[in-house]
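Starting off with a structure, shown below.
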Amino acid sequence: MSPTGIAVAVLQVVLSIASAPFLVGMMRLIRARLEGRVGAPIRQPWRDLRKLFRKERMVSTNTSIVFSLAPLVLLASAALVAGIVPFLSTTSALDQVGDLFAVVYLLLLGTVFLSLAGLDAGTAFGGMGSSREMTIAAIAEPTLLVAIFALSVSTGSSNLGAIVADTLAHPSRAASPASMLAFSALAVVTIAETGRIPVDNPSTHLELTMIHEAMILEYSGPDLALVELAAHLRLVVFLGLLANLFFPWGIATTAQPLHLVAAAGAVAVKLIVLAAVIAVIEVFIAKVRLFRVPELLAASFVLAFLAVTVSFFLV
Amino acid sequence: MIGGALALAAGAALFAIAVGAVLPVRQRVVWVGLFTALCAGAGGVAAAAVLAGGNTFTADFPDLFPLGGVRIEFDALSAIFVLATAVVAVPAAIYGIGYSARGPSSRPAQVAWPLLVWGVMMVPAAGNVTGLIAFWELMALSSFVLVLAEHHHNPEARTAAQWYASMTHLSLLTIVLALAVLAHQAGGDSFTAIRAGTDHIGPTTATVVFLLSLVGFGAKAGVAPLHVWLPRAHPEAPSHVSALMSGAMVALGVYGLIRVGWDLLGGGPTWWGATVLAVGLVSAMFGILHALISSDLKRLLAYSTTENMGLVFIGVGAAGMFASSGNQPLASVALAASMLLVVNHAAFKGLLFLGAGSILSATGTRDLDRLGGLARRMPVTAATFAVGSLAIAALPPLNGFVSEWLLLQSLVHSLPSNAAVVAVAMPVAVAVVALTGGLAAATFVKAFGTTFLALPRTVEADQAHESPRTMQIGLIALAGVCVALALAPTALAAPLQRVSLAVGGLADGRPIHTNGVYLQLSGIEAGLSPLLLATGLAVMMVAVLVVVRRGRLRRTVRDIPAWGCGRTVQTARMEYTATSFAEPLQRVFDDVLHPEIDIDVDHRTESRHYVQAIRYRMHIRDGFEHRLYLPVLSVVRRWGDGARRVQNGSIHRYLAYSLITLIVVLVVSR
Amino acid sequence: MLKLLRKIVQTGRVTGTVPLDAGPRPSLLLNAAHPLRGSVQIRQVDAGSCNGCETEFAAAFGPVYDVERFGVRLVASPRHADALVVTGPVTRNMAVPLVKTFEATPGPKLVIALGDCARDCGVFAGGYGVAGSVADVVPVDVEIPGCPPTPDDIVASLRRVVGR
Amino acid sequence: MTTTRFVQLLDLAAGLVLVTSFAVLWLRRLVTVTWVIAVQGMALAAVALVIGVYEHETELALIALMVFALRGLVLPGLILRAVRAGDEHREVESLINVPAALLAASGLTLVAYATTRDVVALSSTPQVRALPLGIAVMLIGMLLIVTRRKAVLQIMGVLMVDNGIALVMFLGTSGVPLAVELGIASDVLLAMFILQVLTARIRTKFGGTDLDQLRELRD
């Protein structure tokens, strides 16, 4: 664990936290433009967060310490993942600390704490949100792990750095059926786990259709800011995983500042493209019923499963 | 030293039994608890010594029983299971002091408890067939007494005991058969003799022995479809006993399977492993689905035991498959994963059962739908239960994650393999393990959330108080074990290597390399550092907290009700219950669970457009019980009815039977 | 999907087709350092309105007026809100929920009374089911007159609050 | 064309054939399903084309063209017409739910791979290694026939089974004689016509083609 490695990890965490609200602002702007609106500026999510940090914090008498702990754990787990995933460089000190499985389970840790917080409020909607969130998280889990399986069959390792380095060494592998199937599977799971349409609607105001929003109805002020920031960060983490696992080009293999700057530019472009695609798709499709979500996730599971089969039998 | 520790354990157990039988109630409970803890602790020390030193301890008691002696053979495989037992038994015994004071303090229960602890510890230490069976039966009988301990005010315990007794007998019968055949064919009673004589055993005999022991030990491990006794018996036993039964006793099924299948028989064809794997997959899925929808806390934990034993079986089965297809390093990783899971499971399942007992004694109910809001009323129980829940849901940075990670690594790196069955089984296994993990997270969010968070749903839950000090000590000790296993699983790297060397037929090699901080696997480029992961998480949390506090925090408003959409009153009846929490997932798995749902709607007398009350009843039957056991039982009952016609109580008829028998015997033996 | 795409391209941007800022720009409500400058989340409370004000209010968030571009957003919980927009005379049944909503909103917070009914009960004044105007129940910071107020008025007032 | 490029393109096209058959199980709107069937036909044509170009066989390229026209355009077009003609162009009705069907299909894929292992082991050409895909498509087509209620979907199932057979032939024999392909194609066309006529008749007589309702004819 070298000092430069730690520096790279810290840089990744800071940069992804700083950029996450901008990415969300951009997605909202794209949606607004497609709907014929002008839309709020890209920096609006940061403005909202700044305001929330300066507001009162409200903690109801029903709740226990879990309610106050959950935003911290949620943000901390997402931030730790942002340090592990090779966004800028494969030399992050945290690469050996955890592999893709650790990443998946860390993100699940955040989900679990937020669900507990939703139950902690003791309101009907909080429990509803938690229940739905855990339902989706539980059935998204097989897709995630089987997709990782597919990725690690061809590289022989589940370490993120190793997978990225392997794809860099064998560029043709990115276009193989296994890799493309795994990519589509992970894309569907990304949409489900980050609460985007068609699984959840991030801008809904109707409690009965909510998933993520229903769990955080009770949060206010700085706590809400942390939860929102964590949600933005999780989006960046998932998109960044998608981007760099399958299209790692531009990533730095050293920790030289110049390379890191170039890598930051490359990953920014990739994130913007992916986020824009999601935003555009969201305009075109409607949210599906909650009980059709398992169909969507079953389909993504099948894609991941085929990826394993194909990667084993075809390559 | 090992011998001394084992002798101490036996002495402490005997002493505990003696004081349990003699002393009056109040002292009885205390001294039995202390000496049982000493017995388990001594066993744990012996196990630790074997695991650290790697020497096998043997001792012979040739004339203990009229028909055969008992031999003690304490190797690394025995030691890891004894260690798991000690991990849960010491805290459970201390906890039992406080728990028994208000519950099972009767003489039989207090005598059976140390017997059970000692029996569970000695089963893996047995070095010959007679010894194994003797200790096995000791364990079975004492646990049976304990399941019945609270039957006075709990009629459920009687049916539970009936199921338990019959399944235990089935288990014993098959095990005795398997071991008898084995000993006969190999020409010796002691394990060393059997190992030396494996050459005389033909493949058919080996298969028969393996299948018999799979049934016998599988029934003890509570894997589907032999699990039916488990969700009945474990909830009815006193909680510290359930902790030991679920944490350590069921794991002996795994021990027996490994000992007979891969140590004594020396392994077999790939399909052995594949069968064990398949049983594991079914159990894991079945167990966690039923745990998910269960709203009885202890029943939920019992089903989750079936799930965890399923995961252990997956590891053992995968190890068997890898070993037969020639991938020894991977086999040792899979074996290490399941052994680590056994130890981890002892810690967190023991902890959760003790927590459930604490809740039960404070509120008098195990029904999740009648609990709630206990976090502020029982802070110690809540905190320790939270540790257990996070651990069993395999979430980092706790110990469950490490074993789950090892298991997934061993499964994932099985490809490419040249065996078709491996190639087909592994993706399925990974998917099942993943789904199990996700559902376990949902299950324990439900269990913890509806028990400890939000508002209490009943008066009993509202008036709950924290349990007595001894019970808290037990809880805190086990939570500490969970945390220690989470942060320093590297300490178990060398012991796990010894275990894998002890099971020659399954694996040999060094599954885990470590430099104290990182876990690295042999032959697999993958690393994990649970310690650094936990540190990273803590650092991030502190950083976030510091940044947030820096930006001048406004005041925190505390004495306000939760936002209930402006309703005038916000009551606990509006909270999501455990049943409603699990409902979406139950609907997703409708086709597997087949719930029976009744909805009665009562209308007001004035107009049928107004509803007076709605009753919703949902009942989910255990599929195996319903489709497999009940038909068999009904056939047996019909035979029984037939037999009644033969036996109608008339003495003349009985005499006639004797006459007929005599004639038949004379004719046959003519 | 192609149909929708064609529609999007043909329609283009519709915001601003109705002229805004017709009158002189009113003075801003909050000073530059106020936390709510630039970002105001609104929870709307219907305290007994005829839903005329709701229609106009919803129009203000539609594509034509798009008040969201100034940093105003609707939220689902008062815990997330900075301002309550209350419409209608406060009926007896809604008085307690309104107070509860106000109490559930973290400070600093504003109450905006939307429409004549909210200001002084309008035509419903003195009705048997009316508890009073919004100001009788919770402190009001901004009033938007009109029966119902036009989306223009609403946008102008909200811009006064948000300061953009 | 280099060998690596060939392998990639072949895998991609053959993989697309398999993925489309999963999509048929997943989707609900009959019109969309028909489009997917068309894409499958085109992917099949692409397989033939790739093999033809790589092995310099003009005949195969010709077959590819024909497959494209027939299975990519004509047959889906006919089905589309049948779908639109009936008032049943709304939703698929199935005997088992979608996730179960998808899981069953992935099981069938595994079966296909497991059973063809020995064949694949005999030869290591990229074509033969992709062979299980064809078998899988065939099995999934049969699954479709077994589990779906509407006669139109049974027609699509038959077409999918046939696509699977064609894929196996292209991959297994590298170069089917034109005559064989022609014969099969005409068979399919014939079957199509018969089924379509039947469907039309049933519809005019009984309205709708729900098989469960058809069963009542027997009683």
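Which chain is which? They are A, B, C and D, in the order written, and residues in each are numbered from 1.
Keep in mind that, in the parts below, a residue touches a chain if its C-beta (ideal position, glycine included) is under 8 Å from a C-beta of that chain, and two chains touch if they have at least 3 such contacts.
Model, not experiment: these values are computed from the prediction.
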Can you check which chain pair, B-D or A-C, has more C-beta pairs in contact?
A-C
Hey, which chain is the most central one here, using CA centres?
A
Could you grab the centroid distance between chain B and chain D? Build each centroid from C-alpha atoms only and quote it in angstrom.
48
In angstrom, rounded to a whole number, how far apart do the mean CA points of chain A and chain C lie?
34
Here the gap between chain C and chain D, centre to centre from mean Cα coordinates and rounded to Å, is 57
I'd like to verify one number: the distance from the centre of chain A to the centre of chain B, where each centre is the average of its C-alpha atoms, in whole angstrom.
35
Identify all positions of chain C at which a residue touches two or more other chains, and write them in rising order.
77, 79, 104, 106-107
Could you pull out the residues of chain A that touch at least 2 other chains?
54-58, 207, 217-218, 221, 294, 301, 305, 309, 313
Enumerate the residues of chain B that touch no fewer than two other chains.
423, 427, 554, 557, 560, 563
Hey, which chains are touching each other here?
A-B, A-C, A-D, B-C, B-D
For the complex, give me every residue of chain C touching chain B.
77-79, 96-98, 100-101, 103-104, 106-107
Touch list for chain A against partner chain C, complex
32-41, 44, 47-48, 50-51, 54-58, 204-207, 210, 213, 217-221, 224, 283-284
Would you mind writing out the residues of chain D in touch with chain B in their complex?
97, 100, 110, 113-114, 117
Using the touch rule from the top, collect the residues of chain B that touch chain A in their complex.
372-373, 375-376, 382, 386, 390, 393-396, 401, 404-405, 408-409, 411-413, 415-416, 423, 427, 430-435, 437-439, 441-442, 445-446, 448-450, 452-455, 518, 524-529, 532-533, 536-537, 540-541, 543-545, 548, 551-565, 570, 572, 574-576, 580-585, 587-588
Which bits of chain C are touching chain A when the two form their complex?
1, 4-5, 8, 11-16, 35-36, 38-39, 41, 63, 66, 68-71, 73-77, 79-80, 82, 104, 106-108
